[in-house]
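Questions regarding the structure given below will be posed in turn.
Labels for the chains are A, B, C and D, by order of writing; each one numbers its residues from 1.
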Amino acid sequence: MNMSFLQELFNNITQRDALLRRRNSEDVTPDHAHMANACQALLESDGEASSIALASRALSLYARLDDEQKRRFFERLAQEFTADPEQIDTAYAAYHETRDIRHLQTLFNVCEPRRQELLRRLNLASGGTYELVRMREDLLRMMDDSGDLDAINADFIHLFGSWFNRGFLVLKRIDWNTPASILEKIIRYEAVHEIHDWNDLRRRLDARDRRCFAFFHPAIGDEPLIFVEVALHKGLPKQIQPILEGHRHDLDDPLSADTAAFFGISNCQTGLRGISFGNFLIKQVVQELKQELPQLRHFVTLSPVPGFRQWLEQHYVEETGKLPDDAQQALSLLDTPDWHETPEQEERLKAVVKPLAAHYLLHEKNRRGLPLNPVARFHLGNGASLHRVNWLGDVSRKGLKQSAGLMVNYLYALDDIERNHENYIANATVACSSEVRDLGRRARKMTKGETVK
Amino acid sequence: MNMSFLQELFNNITQRDALLRRRNSEDVTPDHAHMANACQALLESDGEASSIALASRALSLYARLDDEQKRRFFERLAQEFTADPEQIDTAYAAYHETRDIRHLQTLFNVCEPRRQELLRRLNLASGGTYELVRMREDLLRMMDDSGDLDAINADFIHLFGSWFNRGFLVLKRIDWNTPASILEKIIRYEAVHEIHDWNDLRRRLDARDRRCFAFFHPAIGDEPLIFVEVALHKGLPKQIQPILEGHRHDLDDPLSADTAAFFGISNCQTGLRGISFGNFLIKQVVQELKQELPQLRHFVTLSPVPGFRQWLEQHYVEETGKLPDDAQQALSLLDTPDWHETPEQEERLKAVVKPLAAHYLLHEKNRRGLPLNPVARFHLGNGASLHRVNWLGDVSRKGLKQSAGLMVNYLYALDDIERNHENYIANATVACSSEVRDLGRRARKMTKGETVK
Amino acid sequence: MNMSFLQELFNNITQRDALLRRRNSEDVTPDHAHMANACQALLESDGEASSIALASRALSLYARLDDEQKRRFFERLAQEFTADPEQIDTAYAAYHETRDIRHLQTLFNVCEPRRQELLRRLNLASGGTYELVRMREDLLRMMDDSGDLDAINADFIHLFGSWFNRGFLVLKRIDWNTPASILEKIIRYEAVHEIHDWNDLRRRLDARDRRCFAFFHPAIGDEPLIFVEVALHKGLPKQIQPILEGHRHDLDDPLSADTAAFFGISNCQTGLRGISFGNFLIKQVVQELKQELPQLRHFVTLSPVPGFRQWLEQHYVEETGKLPDDAQQALSLLDTPDWHETPEQEERLKAVVKPLAAHYLLHEKNRRGLPLNPVARFHLGNGASLHRVNWLGDVSRKGLKQSAGLMVNYLYALDDIERNHENYIANATVACSSEVRDLGRRARKMTKGETVK
Amino acid sequence: MNMSFLQELFNNITQRDALLRRRNSEDVTPDHAHMANACQALLESDGEASSIALASRALSLYARLDDEQKRRFFERLAQEFTADPEQIDTAYAAYHETRDIRHLQTLFNVCEPRRQELLRRLNLASGGTYELVRMREDLLRMMDDSGDLDAINADFIHLFGSWFNRGFLVLKRIDWNTPASILEKIIRYEAVHEIHDWNDLRRRLDARDRRCFAFFHPAIGDEPLIFVEVALHKGLPKQIQPILEGHRHDLDDPLSADTAAFFGISNCQTGLRGISFGNFLIKQVVQELKQELPQLRHFVTLSPVPGFRQWLEQHYVEETGKLPDDAQQALSLLDTPDWHETPEQEERLKAVVKPLAAHYLLHEKNRRGLPLNPVARFHLGNGASLHRVNWLGDVSRKGLKQSAGLMVNYLYALDDIERNHENYIANATVACSSEVRDLGRRARKMTKGETVK
């Protein structure tokens, strides 16, 4: 009686469908064939009235597939929901003859895999957008070297690029007044510095010296796409542990801070991998913060150096002879448990590791000639500069293991951001402070004139 | 001081740009060449950090172009922002040889006109989505038989189809508590029965016996995409005038109505022509109404019959001999001013015109075999049935001129909607009541056995 | 079925009640006796479960009374719903003997007229608060010299003072995004400079150079209590007409204004007369404006001088001999129609009227020793100073008739506001600029050394 | 720079004040004298412009007082901020002579303790309402038999009765989408069945079979006043433990429930003790639930019987001879740990305790002739009936200790609620089901004809 109209519509369709199915086989668990049929029916519908119901049916079938059936469904998607070779041949022939714009348009249309229209139609279902994000999460998990599923992934990227266009994203502040249903996702998705429980979360959101912002998409409601955590600070922070431990008693009034430090950016949806939001997020958050707290002077990050310790091992521990003996010996101290608590060991390491970190960040490049370190690539690509390397910036187990305990400040300086960005894009130039440059030089001397790219 | 970060970014870019321009020519009004350059720069940007500023610049340049420059810009879009023939040839050759999925993907990618990426990037600008809708509005105005601009239109349709996917639309009730900024748009966009002023609007939104709903898109804020006006009624309404005149004193409590009559659906954005929302809107509104007013039994329209009077003229007035003499004479009364106020004339006309209207709606088809009347096509395509032809349903000048004063009720009957829809899609079957069918038969007899398609 | 629980409760009671009534007299229009009975029943109820229904019944009975019955009901309220003399005598005797705090409390309780508890209980009904505001509106209309109804008025003031405590008021910005249901009330309630229609309203709310704020009370929803209109300006405005005519092309960006001019404060609820909000409103609006537009330097009013023209007539036109002959003659020009459009006449008047206006505002006092002019009392009492007298500030018919065409700027200077306020309260000192003081001196000289109070 | 206007005003005042203070004594902790002075200054202010700042100052002084100083401040409030005996004598004399309404009004005014005006003015401060609620919390804690502070308490009750009038309360649903800042208060304030942590809370709010509603007051924002927890159920629930353990798998769709069981009502603000909201809350929640879930048939409570076990001890354990020997022996089993887990013991107890519980609830009265049990008084006073006594309804330690493990269903039957209420108010009649009445009779027989009041 109170049942919704569309619900009824849907029920009508599925009841009939169920009857049909039952005649053949009693109440079977759905498999890739059911799913492929449902997709076929959706594509053959007129795209309007009944399509919503058909889209809902297909998505709910999909949800009941096990992994094996999902994989087989993806394979069918790749092979069967593609474009028609004959149509392509015909369209290409016509285009090739005339080279005119209308034949090109036809060629483009017939080249579009039918999967794309299928995905657009699945999106008609209520809640469909989020279901498709999760479908791609499945897909990414199942992709392998064979590359058969790459084409489907390309379709997702193509559509998500449109749907999650920055123009459609909504920035929201996250704080203790945020609904619990969203906050529990912040706990779950925090990827950089784990949030242990609700009390820990509460400290992370303490309005006296914390801010947190997330991007949301109107069609997927309460699910954050990405969020960033900010600490308000007097001066640039050097260490992450005091920040994670909670409110600092020297800062009871956010208006007395001069620095906003971004200490964690977490992507929430695996299914949106490769659709980039982070750069927009940082810039919009800087804008929000300047509005609320006009006295802020510095916008920096407090970032880890993932991969540095591993790089160090490969280049200077396993491969000996590149460093003077005492430096080489110092490096071996990294294997000593709790070395950072022994001042003498810590000092010896600092003298060697800090310069090498500057060198790593400034000069080690990947195949495309960009910094090897992914965090550096992200911030430098946004126009930030490499401002400071902080010794013992993160003495957690994870921090010691990944970054040899270092944390880096990347600086977002308003006046330089565009020039940095352009130099980086054009020439892969890494903007850095003189302090970091000096550190890098020290590393070169230490490595006895080894040629640096 | 309080200026926004992105604003500053943008200013930096445009100031430099302005300097550049000034060197060449003093403060010129922008033309298609500036615009094309701005688009080129946007496409060459890295798609991230600075793209927002570049997109804003391009859109604000566009807004300053006059019509001639816009047309020339569109022509350059068509010719210069297209795909690369050589890349297409190469990709096709590879695909043709292997027929494999990855080469198809490449072919699809290189066939995509660069315009599409351009439009996606323009959408990065704040407010960009709405600017693009208005850009297409310009484009539609400028399209002509030459067809040069059709390809750009196709790009817009492709992208708008994704962006305005029904899954992204938000239904909102419009009433006297709605912000004035939205209500003034309802006044402006009402296309079926004009709203004269704010007092008239207030009557249209009288909560005692009216409802109004609109679709919005999160990225274009306060601009409605389409809206529908509903009158609550006891029994099916026959005439539009009493509804337009305002609240009827027999219905002070919406809970005493048994019928919801849709009497106006207005598309608001010319720039979204061809992106269909109407069918989704009607169905979602039925759902909303059933939730609020569970006692409602009938969902119908009170719709005009545009084109009917003209059809009547062409087939039975200009071309004589198809009707018996007295019917023919009666028809000529349509030219008498105010014929509907003379009972004798009105009765004579009714006997002839009503059956012919049923015939027109049931049997007159277009080239695709679907009903000639566009309103009929819309509702029948949605699964409604042709329920009743109302004599003197609209005695306004417009109503007499277009529809010979008739209004039609299309019935949305929950249990039949899907079957009607399928029969209509599969066989172009027009679902109708026995009353309308009888009327149609009477027309056939009247036309002396003339063969009907 | 969908009927609300409380509705049913209420129905039960009223049905029974209706039955009861019908036995005595068939379906009579309610009179003061019904109303008094309903109030009695409400007072006798336990104040909880059924009181809501009884309160609703009483209020809906009241709404159906005609003015004569309302007056008689008020008279009964005054006489019958009072305190019990015997209880008072007993309580006083006990208090007088002991002078202790508990007997005082008892005395206070028994002195409270039963009307106050009645009003508190009527407030239980949904929407009751607003109904009571309107009941007082009736009361104020009916109060006369006899003073019988003054006691009821005192009860209302006592309760409204608590209920409409500033701590319970909510400030909201009014603009073109405000619901139409509120905006139509702004049109209706504007008391200073009439708003003619929706187009006029739209100009008044033009966000480029206007602001408008209103106080609301949570329990009376969409009904504004008081609102203030603000024009953003470069420099202090002198004239009201350019402001009323709509947006000025010299100010497209609110950030370029340096002055906020309050040009209209309208109380909306007659029933709340004497419950003051205006001073809180102005101060909170100054705060809001400083937040949004930190570059604002001056907060002033552009205020009429109601009563000035009348005062002028009485003291210097009817009563001759106080002014030099030429000044006396000049004054008579005020009766010439459109004198302000004749430069020669206007100049002669200006020389006489402007000084007299300064004199009037600075030195004419009421019985309590405060400025005679009510607008001056309001702003000076708030701590503003009398900053400038603007000749030809309001050349509307109303402006010429009431204020001899003058408008005054009262200045709210942050650093002086408290001192001004204290001096005003303590010594009735009128804070003013040297310009106004000089004008006042000129008036004294003109009036040939007449002693000024 | 960005500091608020009122903030500055306040600072001006307090700075001056601070200067003043510092001259006498260096930076002292505030005491009752400072506080009394601040209150005096507030009362002497004009009630408008500067009063907000003075109210804020007084409240922030209060917050810094220790308990001893608070108590002394309250004593001064009682003695010094009272009414003027001479004014009372004069006003009474005048009233006594004339007995007229205006002299009564004067008498009432002069009898009002100055404390009441003080409290109204303190309420002007931003956040003042909540501060006053907490001030009364302090007061209640400090009240003792001496009764000196009773008068202040009476003032609070008088004002809170107006301010927290049901017409000003807002009902809000509490669920997992509620802001965390509110939810943590639900955890803290739950008084009936403790909520252990956030996971426990999440279970309590599971939308499949739970509802929770709270009353809020607009002026105290996020602080709930009272809330009620509801379990949706098929049939009337007998036991609390399954409900507290979380979602029951037999009820995944709230639309399949036929019963709403209120299992916890918690008052949140000690400072509002005696201002009753509970009855309004239950009735409004019934209304909300009927709207959302029209299929609900039964509205009941699942309530504890606090005091029953103690009553049992006093009347039948300590005082022997009233029960047959076997019953007497059975009762002694209550002291056996975990008796409810031994079927034989549990059965023996059930036969004795259940009838005695019915007897206790039906016939044991307090001095005012109303049921001794406070929970029974509350629900019966609301018009509910005593529907069922559930054996082993609460086997928690607390449940066994207070209620001998019993839980009671009180039934809110729409058609009977008003009659029950009236009979209860008029004659203290306890409405009950025949099942409970039979149980009561069995108790009488068991107690061998003992006379029951």
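Just so it is clear, a contact is a pair of C-beta atoms (placed from the backbone, for glycine too) under 8 Å apart; a residue touches a chain by one contact, two chains touch by 3 or more.
Model, not experiment: these values are computed from the prediction.
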| item | value |
| --- | --- |
| Partner chains that chain A and chain B have in common | none |
| Chain whose average C-alpha position is farthest from chain B's own | D |
| Cα-centroid distance, chain B relative to chain D, in whole angstrom | 58 |
| Chain centre separation (chain A, chain D; CA means) in Å | 50 |
| Chain C-chain D separation of Cα centroids, rounded to whole Å | 39 |
| Shared interface positions of chain D, touching two or more other chains | 1-2, 294 |
| Chain C-facing residues of chain D, complex | 1-2, 4-6, 8-9, 12-13, 46, 48-50, 52, 78-79, 82-83, 85, 88-89, 92, 95-96, 99, 101-102, 104-105, 107-108, 111-113, 120, 123-126, 128-129, 147-148, 150-151, 154, 159, 161-163, 165-168, 170, 218-219, 276, 279-280, 283-284, 286-287, 290-291, 294, 381-383, 414, 417-418, 421-422, 425 |
| Chain C contact footprint on chain B (complex, rising order) | 1-2, 176-181, 183, 197-198, 202, 222, 255, 294 |
